[in-house]
Amino acid sequence: MKSALKKADLIKDYIINTRRELHRHPEPAFKENWTHDFIKKQLKNLGCKPKTLNKTGLTADIGKGKNRIALRADMDALPIPEENSLAYKSENKGFMHACGHDTHMAMLLGAAKLFTDTKNPPPVRLIFQPSEEKTPGGAKGMIEEGALKGISEIYAIHINPEAEVGTLTLKSGVMLATADEMEITIIGKGGHAAEPHKTIDPIYASALFINQTQSLVSRKAAPKSPFVISICTINGGTAFNITPDKVKMKGTVRTIDKELWQKAPQWIENILKGLNLSLGIDYELAYERGYPIMKNDPKKTENLIKIAESIFKNIELMESPIMGGEDFAYYLQEIPGTFVFMGGANKKKGIHSKLHSANFNIDENALPLGTALLYSLATK
Amino acid sequence: MKSALKKADLIKDYIINTRRELHRHPEPAFKENWTHDFIKKQLKNLGCKPKTLNKTGLTADIGKGKNRIALRADMDALPIPEENSLAYKSENKGFMHACGHDTHMAMLLGAAKLFTDTKNPPPVRLIFQPSEEKTPGGAKGMIEEGALKGISEIYAIHINPEAEVGTLTLKSGVMLATADEMEITIIGKGGHAAEPHKTIDPIYASALFINQTQSLVSRKAAPKSPFVISICTINGGTAFNITPDKVKMKGTVRTIDKELWQKAPQWIENILKGLNLSLGIDYELAYERGYPIMKNDPKKTENLIKIAESIFKNIELMESPIMGGEDFAYYLQEIPGTFVFMGGANKKKGIHSKLHSANFNIDENALPLGTALLYSLATK
Amino acid sequence: MKSALKKADLIKDYIINTRRELHRHPEPAFKENWTHDFIKKQLKNLGCKPKTLNKTGLTADIGKGKNRIALRADMDALPIPEENSLAYKSENKGFMHACGHDTHMAMLLGAAKLFTDTKNPPPVRLIFQPSEEKTPGGAKGMIEEGALKGISEIYAIHINPEAEVGTLTLKSGVMLATADEMEITIIGKGGHAAEPHKTIDPIYASALFINQTQSLVSRKAAPKSPFVISICTINGGTAFNITPDKVKMKGTVRTIDKELWQKAPQWIENILKGLNLSLGIDYELAYERGYPIMKNDPKKTENLIKIAESIFKNIELMESPIMGGEDFAYYLQEIPGTFVFMGGANKKKGIHSKLHSANFNIDENALPLGTALLYSLATK
Amino acid sequence: MKSALKKADLIKDYIINTRRELHRHPEPAFKENWTHDFIKKQLKNLGCKPKTLNKTGLTADIGKGKNRIALRADMDALPIPEENSLAYKSENKGFMHACGHDTHMAMLLGAAKLFTDTKNPPPVRLIFQPSEEKTPGGAKGMIEEGALKGISEIYAIHINPEAEVGTLTLKSGVMLATADEMEITIIGKGGHAAEPHKTIDPIYASALFINQTQSLVSRKAAPKSPFVISICTINGGTAFNITPDKVKMKGTVRTIDKELWQKAPQWIENILKGLNLSLGIDYELAYERGYPIMKNDPKKTENLIKIAESIFKNIELMESPIMGGEDFAYYLQEIPGTFVFMGGANKKKGIHSKLHSANFNIDENALPLGTALLYSLATK
């Protein structure tokens, strides 16, 4: 009997071509229409009966029997203009699969191909989920529409463009943080730049706000408690000589400490309230709670490690959780399972980049390993 | 003989209708194409022979004789979406005559009508100048293309939506400041918001930059020396969870103190250099010298005051210069003349706003006063 | 008849020796005990009958007749450790006549000597006033205790160690600003430096406070309105690893704009209130209104200039007021008079320093000029 | 045979009286002269032969045999004025045993009494060490002068005024962080507060420095890596109206991450270099490496837990290291051992305070437990 890895290697071309096709067509959260149709067609070609869920998501059941396990891939891309010069570069200007969801879908379609090539495939459910990047996340809707019905365990792989091909990285227990999202509007009073005393300058107020958020991390959190507050967008003003009325900012709060998580919105609002008093600005704060803390099930993790040993050269256990959030956490709140990072870098070939960067890139030789892992999880 | 004011009042409808037509069609600096064509047609209708200068500007000579005087109106609008609900609201979305250049053009066209209605009009040159709002300013190009050739003195009116109709405000000597323009790009290193230690956060760096510019005013300038540094636009980032690579800002520096004016760019760059050292950011600083200090000629100012006394109820002499820059300063570097502010507010009617605001509005009854002043300057 | 300057030159040694004796014995506000006794003795030696007023102050009347004029010298020194290596260096460690009040007293004693050497001296009152450096100022108490009773005009000289000997600098009308004094205590919650989350860090809060005060100048004041906020002392903490409970700061607010003067305390308190909200600190703000705006009487100033022309080579009229406050303003609120700056630098000799600096120094050849001016004001 | 706890209870009065005597006489680092003499006398009274080491430290060997174990107490007090109103309140104004070293010494003297009351005491070395609070720490000198010669293991107890009596808190492996000490002098240019443009304001520069250090924690450290930078003292200026030449600050840097520890001084200096460029200040940075990371030996810790179970009701294992440094780390770099925290609070009695606070206080009933533990460690 051929090993899972050998089987996956035989369909390497299919996986890579599928990934490239998806890479060309990045679509943002809940607008994965082309992607949805492409996957639907692929699944039908493989003899599956895909169901559309949660706007642009899909599920497809393969095989029969008890203890059906779910394998999940996320579908959405990011609003980042691609800077790579690849033959299969993004054709949707301003968007890019810079978080590798194209690879997740391709690996899962590869596994689908292996299952459907088998006479008696194990009971699996493929979950293609929209909107992982944007709260409240697509996982919630998938679950609400029944994606986990009849499922006893669930797995997902995330590509890591910083780790070498052949590396699998994971952690038992808490592995990923909460990820809240906030939008802040500072409302001042616009006017001519030459008359600052007749304006309330929202750009200066924003500077004080951004500056003061640093101290929530440096002074309010216990040193041992991971805590991140990042302001990631800022926009205001139209001309060099007109003080604007407003500045808008977006950002995120991350932690694995429940108390910090509870207090953060109030602390942030208190900074804004303070600036209201001292500068006279008004503000709007839209604070949206993000994905829950993600906990891998210890037993499923242990089992996955055993399976993975024949596929990956290097299995790394993480010492501490990382601050990225994932809506896969919603699935793991319902049923046991495990989420893993899989290396996609190849430093010898000069392939080495970061998630969410405009030159995100991976060595596609990594993809059969992921397909093999997904396949093995269901067959063993 | 009818007074200038009476004559102007008789063509009030023409002036107001012209102003409204112009108000409907705001166009940004050097894109005043519709405006150019409209004025050209108006001037032709009045029997003038307009010449196109400096892309979208125009001049037209009326009358014969020595000592030709020039009357100037500026033409460009601002990138501000109009918030007024007027019948003649801006039809060019995102742009607005929020600095009142529409009124300047209408008053000058009114004066043109009065001149051309006269048998032996005095020797005047009408100057319709593009791009007053955007450095390097349209005045420079107008002068280079001969707009002042053969001219011995020059005048211009600026509407003031904060002062009551019937008010004229001016100052002999230095009346307006320099107005430099700058564009700053802070270049950090983008990445995932959850991993601040792998990024160089340009948004935080911008906050420190904006904050520190305050101290150039509070600590570097002599208390008696007017000095303004305003950052008026800031833009960076695409998503709530991606630290961007760059932030762009635009702003202005104003002063009537030559030493501060000379040192300001270096002081600003020193802040950026400091942040390069402490935060590791890179930067680009495009610092463009703005309009020169604007000095009204004392004699011409005195003379204008005498003429204005029969038109305006209230002539106010400014105690100190104001911080707004005007490219009219270029004309006054070449030949003597005077620049004045004319009231356009009517508080009883609730008309009272600010220059460069999205609800800029004036009482149009002010316009004949301006036309009368321009007409009188040439005829007396 | 000898000129006043010649007369003063003849007693140069007396003036200089007196100044050196006073320089050796600097004493802070209202603690000018040695100084008081020294002056009392000098005045008695000259045949005067000094009266002690306002704790450590003195007055002495010389001559008879109407229209008695007052000449005032201030007495207090500053808490600055002298860094000069002079034979007559401060012997009162930690204190120094760094504002030149020693020279003021010496020049006035010189004038007293000239008056008492005269047969029929003019009607003069010598006023030696304590505590000019510290609000509420010694002038107030002097006036309350009758120092201006029967006086019709008043004059004072202030040494200027930056201007050359032979220079007199003055201004008709508003010459000096208000000078408010404030003391701010930021009250946090101390604790171990390793547990910032259990403390409320008053040092960080002070940093935000100091930083934000810059923007009162840069954003709240009209660019044309001189406005200074300086925090000049800051003290908090005892050990490198203990976050303290409190930080204390002292500072000053200066302006010649009444509206800014009125609003400043509230603006400062608003920053503190804002930090109370955002950081949880408490605060105490002791805001003491300083000396009033000082206005020289135009006629007396004109007259003084005429008199001074035969004594000083270079009489400079100031273009704009300066931001230093003087409690001499209290006298000028009661009766007309003039306050002048007199040069004490000699750049060729390398004597050139700043007021309130630890190496304040002057060319003592300047002193007879001051004595001559004081003498002439009373005799002409 | 009596239990260790019973034995300790019998000498409770001795321990408490000793502690009170020490509490009355707090002395700062390396000035523990009274303390040294008091301990020396006590040890002599117990029949020991104390040796003076490292200026004010002492050792004393009791018992004979191999595997001599060391028990260490630290001796120095803090520059904190005591705010308690106790009969045995600090008599050395401005100083206080606010870190509980008085209790450490008293517990160790109690153990000494128990050992010397025994016929054949085990081989122990008592180490009374000066200067734990002040880097480079007294431990280093003690070791250099032979305090660990012939010793195979070492233990120390630290009182914890926040945990209840009966609680013992400890951790195997890394338990305490590095604690670096820094002194920063910002050198500007002083002058009169009314002329900010003639000064370089070191107080404003300090504010920017303190502010920017926050971002080293929030932006430079990985969220999972504990990192503390606290500025704990700041001093500058003499008068409300004189901008000073200098501001001095002291602070500490703490981490258990070696890379952060290595980079911190450069990051801090980079902020100062940046301010040098942007503000023109100079600076001095004295950065002193603090105590090493403190690691408890796993075996010795396991053994101590077993012994402690009969003495303490509540043994708590810490989840993560804490940020306080201890020079006990130097001993543990040489030989195995364990360092523990022992509860001293009694909330029912209202006794509950913080280390390094001016109202540090404990329930003295805790002390016999510590003595019993020290005694047991040597006898078992």
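A, B, C and D label the chains in the order they appear, each numbered from 1.
The rule we apply is simple: a residue touches a chain if its C-beta (ideal position, glycine included) is under 8 Å from a C-beta of that chain, and two chains touch if they have at least 3 such contacts.
As the structure is a prediction and not an experimental result, all values here were calculated from the model.
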Subunit D reached from subunit B - shortest hop count over touching chains
1
Greatest Cα-centre separation from subunit D belongs to chain B
As a quick test, compute the distance in whole Å between the mean CA positions of subunit A and subunit C.
66
The distance between the C-alpha centres of subunit A and subunit D, rounded to whole Å, is 45
Whole-Å distance, C-alpha centre of subunit C to that of subunit D, is 49
Going through subunit D residue by residue, note those that touch at least 2 other chains and give them in order.
194-196, 201, 204, 208, 211, 214-215, 218-219, 223, 228, 254, 322-323
Quick check: in the complex, which residue numbers of subunit D touch subunit A?
211, 213-219, 223-224, 226-229, 254, 319-323
Subunit A partner contacts - residues on subunit C that touch it in the complex
194-197, 199, 201, 204, 208, 212, 215, 218-223, 270-271, 273-279
Would you pull the subunit A residues touching subunit B in the complex into a rising list?
78-80, 133, 177, 179, 181-183, 190-196, 198, 201, 203-204, 206-211, 214, 228, 230-245, 247, 250-252, 254, 322-325, 354-358
